[in-house]
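Listed below are the structures to be examined.
Below, chain A partners chain B and then partners chain C, in two separate complexes.
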Partner chain A sequence: MSRGSITAEPPIRAAPPPTQEPGALGRYATGALFLAPAIILLGVWIVYPTVYTIVRSLFGQSGFDDFVGLGNYRTLFTTSRLLTAIENNAIWVGIVPAFVTVLGVIFAVLTERVRWSVAFKTVVFLPMAVSAFATGVTWRIMYQQDPSLGAVNALGRTFADAIHAPGVLASASPSTPSLVPQGGGLVLKTPLHPGGVALLGLTAIPPQQVPSGAKQAVAPTPKPGAIEGVVWRDFKPGGGVQGKVETQELGLPGVSVELRRGSKVVQSTKSKADGSFAFADVQPGSYRAGIGASTFAKPWGGISWLGAKLITYSLILAYIWIWAGFAMVVIAAGLSSMPRDVLEAARTDGASEWQVFRRVTIPLLWPVISVVLVTMFINVLKVFDLVITLAPGSSQNAANVIALAMWRESFGGVNDFGVGSAIAVFLFLLVIPVLALNIRNFRREA
Partner chain B sequence: MAATATARAGRIPLSERDSVAAKIARATLKAPVHLVLVVIGLLWLVPTLGLFLTSILPAQAFTLKGWWQIFAKPSLATWQNYSDVFHNSSIIGSLGTTAEIAVGNTALVIVIGALAGYAFAWLDFPGRDWLFVGVIGLLVVPLQMALIPMFTLYDKLGIFDTVLSIVLFHAAFGLPFAIFLLRNFFVGIPKDILESARIDGASEARIFLKLILPLGLPAIASLGIFQFLWTWNDLIVALTFGQNVQPITVAIFSNLRQFGANIDLIAPASFISLIVPLAVFFAFQRYFVQGLLAGSVK
Partner chain C sequence: MKGRKSLVAALAAVATLTAVAAAYASTAASSKPASARAVAGNINFDGVWSGAEAKAFGAVIKAFNKKYPQVHVKYKSLGDNLPTVLATAVTGGHPPDMADIAQPGLIQQFVDKGALKPITYARKSFAANFAPSWLKLGTFNGKLYGITFKASNKSTVWYNAHAFKNAGVKPPKTWPQLLAAAKTLKASGTPAYSIGGADGWTLTDLFENIYLRQAGVGKYNLLSAHKIKWTDKTVTTALKTMAQVIGDSSNLAGGTSGAIQTDFPTSVNNVFQNPPKAAIVIEGDFVPGVATVKAKPNIDYGEFAFPSIGGSAPAVEIGGDTLVAFRDTPAIRAFVTFLTTEPAAAAWAKRGGFATGNKKMSPAVYPDAITRATASAIAKAKNVVFDMSDQQPGSFGATVGQGEWGLFQDFLRKPSNVTGVQKKLEAAAKAAYKKGK
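Entry: the complex of A and B
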């Protein structure tokens, strides 16, 4: 910010040199000596390659003997994986600069009058110091789909389970063909009458999924006017008889069992620790007993953040996490150099805090905000490291962005320097407006 | 209503400022702000914490449950993964390569950038401004423009897959910003100091070494930190020009295909790779932020 005073003294229009100084030739020589290393590096590594790449983009894969005109550019705009890259980058440009700037303003304003703001700013700014590569690894761990592994989905599961609780036996299946699937649950094929018993045997339940507190299953005894039954894990280590309650076979507690007449559920209850259950006062007639669908409700499987559908948005979220600190620090610096008396004057005139913010703070901050927007625009166009690191191989086509497409076409297997050059030139064309803006700003200052 | 209440509280007359009641009132109004900031701060801290905790979990533990299992069972924590990484000669070698690239590039950019920055700020020669406008133009040229030509040229010159070729590429693309930053800083050095040195007969080389460099130290420090972090954290340049020469990012990158299976290497190695930038950041935070502002606030 102190540069305001610096540029007030334009070094360009310096007074004419005193007579004892060396002439134009000598000044050339001194200048050249100081500039030579820089000019060589910039010339060989930036200027020459820029010209080379522009020319190379007009030639085919095999080299300079294969002139194709604008053919590579046509390929760029007609190949679906390259179009995806352009579309994705458009999404990036549409979301990231705006979000990063808004977050930066919010964080800067919130921390302005908080004593421990330095600690907060340090924490939010930290990702800026770390490589996009390490951030990619970090977020890959966060985004694991299995809610047991990935923190983002683990958080999601606590909400999902609160809304829709998973069943006690998500993976169980019937042990004998007498139990058939119906409406997401299971039901006994044979109709029951009062005094009958229902044997609901289940298998394919891993030991860790057996509900806690399960006890040895007890075979039901018939009782007049009632229907008794048992739900149990019909599996005996070392073999046993299917459909028969044996020792070492555990009852399955907490299973919701239903008694139906026709399609109507007339009674329902939960099994006890030994798996037993009873329907009392059953009127004469024909019934069917079964297990409700809720018992088998699958637990929430987690969102596939790194899958083809969401990958771009997941990448953008991680990217915003990196860059919010940058916006915050730059905007906070702008805020701290804001003329306090202007804000005070507005408050004295009776403006509310919101009005002061909206009508005074934001307009005064606008030069700083626009710098953040432009910087983020350029950064987002060049995004590469995070995409190639965070997107798994299977999602990289869906996650493609211009810089990644350029690299993959040139070095990642396709090895077509013609198309690669065309993509690079396209990227260059997109940043030219910013280049022009920079030069205009400088000339205005000078 | 709440907004006006806040506004009024913000304008408590001076006489009341220090009364206990006013202090409590202000603290209460601020409580939600503190709470929001704590939550946001945690959101920003958790991913990196997760990486660290993953890095100290045995590999088989991560196949069942995420890193937070360590809170339930702290005894799971182990340094075995780190010990394995430190006995992995290719990872250790790549750390050395990373250091060579980062230090080499930083030194080169500082020296060459300072020379050019001084020339643009204080040497008067024809065409100077046009050249400087050219440098500003180069500021935004994407490095993608140079990958293919330099790949071809390095191959011809036989310097493909060397530390030097990677360093020079970084240095060239670091220079426009370096020249821009240092020139703007050097221009702010009071003219009298330079004029009197010139009148005393000091050569330009002497002025540069004895005056400009010491006075420009804050800007040079900012630049150095930026360059160091930029090259330390680089992936794309080394991925393109290195094959056997692999900095740490590239070395870990080749393990990403089997992410779950290699997590006991990926997590600790990634964490080691970010320790150095973090240390640099904490040690020189002030210069880092200064450089950031000089580069962006216009």
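Entry: the complex of A and C
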């Protein structure tokens, strides 16, 4: 970019006429004139701010009247939220460049051989065309824990519910303490004998979840030799009296009710439209009435992608999604310019495809791969936009990275430019070795 | 050449790292022409209002220009970046003429730095139009510096009317009534509360409303200034009361783990949608404006004042934008004084989304019934306090994931840990106040 601006402002008129033999001084002047725009731009926008930042990092929050020496750097390495940022950046550096590069190689090599490689490459590369901000917002929505909101968990629910179907009254809970949980279902605490009644009252059922066709619940009447009961929504506007069948309270049809003796289910039936059920011909003895676990099976709740524990890895996944396309395109370009005869020669010599890939393709591609690796190292060290947009506020501490910490300390409410500058300098120092490596590589190539 | 290019790229990377200094440099360069030597009669005003709000403020300026046609107020919207831009501009020594600031903590910082000019000249008009508590809100280090021009009532509770009807509950007036209603709502199948826990400030607002009613205005102001400790008994009681709301995971939309990831707009939609995911959302008068689902006032949703606790008198916690002046010119004096008067408030109030403490303005100016109720509660209430977290140093009261916001999120995760949270709050407050000095 900066190079473009050098050529964009040609100081042609200032150049000496070609007929004159310029002296040493003149030559320097010409050189300086050509360099001037670049030097001014670099000076104003890069050198001055860099020096300013380094100096600022030695002063406290209130400004240049508060010299703290290396105090801000001490803060950086003793504050737990800033240490988390450094740790997280280490995780990023450990995972992302390697994954992105490997994915890039795989995609590049594979797309060489498929017919619709252009379409495939376009799709993989497309995320690069989306701003990181938009990506963050999109993935944040996709990562929502509630499967009815987040696409990732919605996919999970499709599978989870196919294996383990949710019950018809998943959210229901007992209305009185006489119904107790047992093995995922509910059971009446007090044993029943023939001629007894079972009142199975449930609450916390939203009106829209009441099975269709439900009618006013009817309190059971005792019948000799049988156990009669009702399962109903023990709630009417205002609450009503718990454990008592009242008007406006609906029966819950279609609930599978079980009669157990010990742990054995002796009879089971389904409740009618008014919630009533009956177990006929019950032998004398002590029984328990309850509702089976399947009725209350909760739908899959989703994975907490955005929670403090997973957030860094969720971010990394989204980041890889963005950058895999970049790696693929760069490596594919390297691949296409590779001399084919070398590969052919290797094949002729009897090398297997895997050997060709390992021993010939990869070494020849290495310069390109290293460019991808180094670029990703730098990108990952300064990752910022994705983290701030994707991680919800409550997980931002857990998701913190160095560049985000720099922004948060400087502008995110703390307004401590001292610590912010110290983080900036630290980040700068981290990037330098990678940059040096990059420059060396380029020099060697040239 | 390639080496040179990557060197340039390297240095370009540095440029991003040094945004602090760059921002400083650019403000210093750009605002030079508008220094004190500029033509008298121009006011550069930096504000947070954008969109409809900026237009409404334009109407206020228009009303002002009817009296002072020769003064030109140039309003520039900086949105949420305002504190950042102002902080850098003040550091660089070239602030705007006026600004509206939502955080009294930031105003305090500027006052301490000597960046703001007192507006004592407007005191007479201010006192004639507003109750004494409003003058107190604008007073820093003993001098009047600001007018809280646009206020919002943060002591409101919003509910889904259908959910209330299904459960047969009425808007509660007292705390026990609220808890009873919550229990009934849960039994009816709709969790009572929608908590926007991903944004820490919704939690501090809840705490502050409880604390204001339970401990009283005196203690509230002491705690706001960190003159009593966060380990105080009053805080313990308030946190325990707060746990009565956030403590029952099954009565929160999405449970505790859902609540901690729910941002504020989602928490509003949870209640405003039909069928709702929860019946009640506790936040300020700006709630309906945040809802993106279609809901009609009084039919789909309703509002009630934050319930009284232990017989507490009507009290309102407000948030709001306080106007301050960085310079003192005749034009600025005229504008500041005008902003304390009724026509200034009315110019915006009739457009909605605005509440004022100006007691001279008739509530009839407000455009609809709900706004009239929430807004006139501000002017009516005896006890008016400013949002506590906004009064604290930014690192404690207004930073994502740390200080108050972060610790109240920890409290939401584990509402039984009252004393642990108190200790951490005190430690964080101590550090922040020490640093702020």
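Everything that follows uses one rule, which is that the second predicted complex is superposed on the first by the 319 of 446 C-alpha atoms of A that agree within 3 Å, B and C clash if a C-alpha of one lies under 4 Å from a C-alpha of the other, contacts with A are read in each partner's own complex, and residues count from 1 in each chain.
The definition used in the following text is that a contact is a pair of C-beta atoms (placed from the backbone, for glycine too) under 8 Å apart; a residue touches a chain by one contact, two chains touch by 3 or more.
Computed from a predicted structure; not experimentally measured.
Quick check for you: in the superposed arrangement, does A:Val44 touch first (chain B), second (chain C), both or neither?
The answer is both, since A:Val44 touches chain B and chain C.
Using the superposition on chain A described above, determine whether A:Gln145 touches chain B (first), chain C (second), both, or neither.
second
Answer with first, second, both or neither: which of chain B and chain C does A:Ile378 touch in the superposed model?
In the superposition, A:Ile378 touches chain B and chain C alike.
In the superposed arrangement, which partner chain does A:Val124 touch: chain B (first), chain C (second), both, or neither?
In the superposed model, A:Val124 contacts chain B only, not chain C.
Just checking: does A:Phe411 make contact with chain B only, chain C only, both, or neither of them? Give me first, second, both or neither.
both
In the superposed arrangement, does A:Leu427 touch chain B (first), chain C (second), both or neither?
Both: A:Leu427 reaches chain B and chain C.
Which partner does A:Arg56 reach: the first (chain B), the second (chain C), both, or neither?
In the superposition, A:Arg56 touches chain B and chain C alike.
Which partner, once the models are overlaid, touches more of chain A's residues, chain C or chain B?
Touched residues of chain A are more numerous for B.
According to the stated criteria, A:Pro392 is in contact with first (chain B), second (chain C), both, or neither; which is it?
So A:Pro392 meets both chain B and chain C here.
A:Thr30 contacts which: chain B (first), chain C (second), both, neither?
In the superposed model, A:Thr30 contacts chain B only, not chain C.
Do chain B and chain C land on any of the same chain A residues, and which?
1-3, 42, 44-50, 52-53, 56, 144, 378, 382, 392-393, 406, 410-411, 417, 420-421, 424-425, 427-428, 431, 435, 438-439, 442-443, 446
Inside the complex, what are the residues of chain A that reach chain C?
Listed in rising order, the residues are 1-3, 42, 44-50, 52-53, 56, 61-63, 81, 144-146, 171, 173, 175, 203-209, 234-239, 304, 306-307, 378, 382, 392-397, 400, 406, 408, 410-417, 420-421, 424-425, 427-428, 431, 435, 438-439, 442-443, 445-446.
Can you tell me which positions in chain C touch chain A when the two form their complex?
1-8, 10-22, 24-25, 83-84, 87, 91, 109, 113, 165-169, 183-184, 186-190, 197-200, 250, 254, 257-258, 260-261, 263, 275, 394-395, 397-403, 405-406, 409, 435-436
Note which residues of chain B are touching chain A in the complex, please.
Residues 3-4, 6-7, 10-11, 30, 33-34, 36-37, 40-41, 44-48, 50-51, 54, 62, 64-68, 111-113, 115-116, 118-119, 121-126, 128-129, 131-133, 135-152, 168-169, 171-173, 175-176, 179, 184, 187-188, 191, 204, 208, 229, 232-236, 239-240, 249, 252-253, 256-257, 259, 263, 266-267, 270-271, 273-274, 277-278, 280-281, 285, 288-289, 292-294, 296-298.
Looking at the complex, which residues from chain A come into contact with chain B?
Checking each residue of chain A against chain B gives 1-3, 5-7, 9, 11-12, 14, 17, 24, 27-28, 30-32, 34-35, 37-39, 41-42, 44-50, 52-53, 56, 107, 110-111, 113-114, 119-120, 122-124, 126-127, 129-135, 137-142, 144, 148-151, 154, 321, 324-326, 329-330, 333-334, 347, 352-354, 367-368, 371-372, 375, 378, 381-382, 384-385, 388-389, 392-393, 403, 406-407, 410-411, 417, 420-421, 423-425, 427-428, 431, 434-435, 438-439, 441-443, 446.
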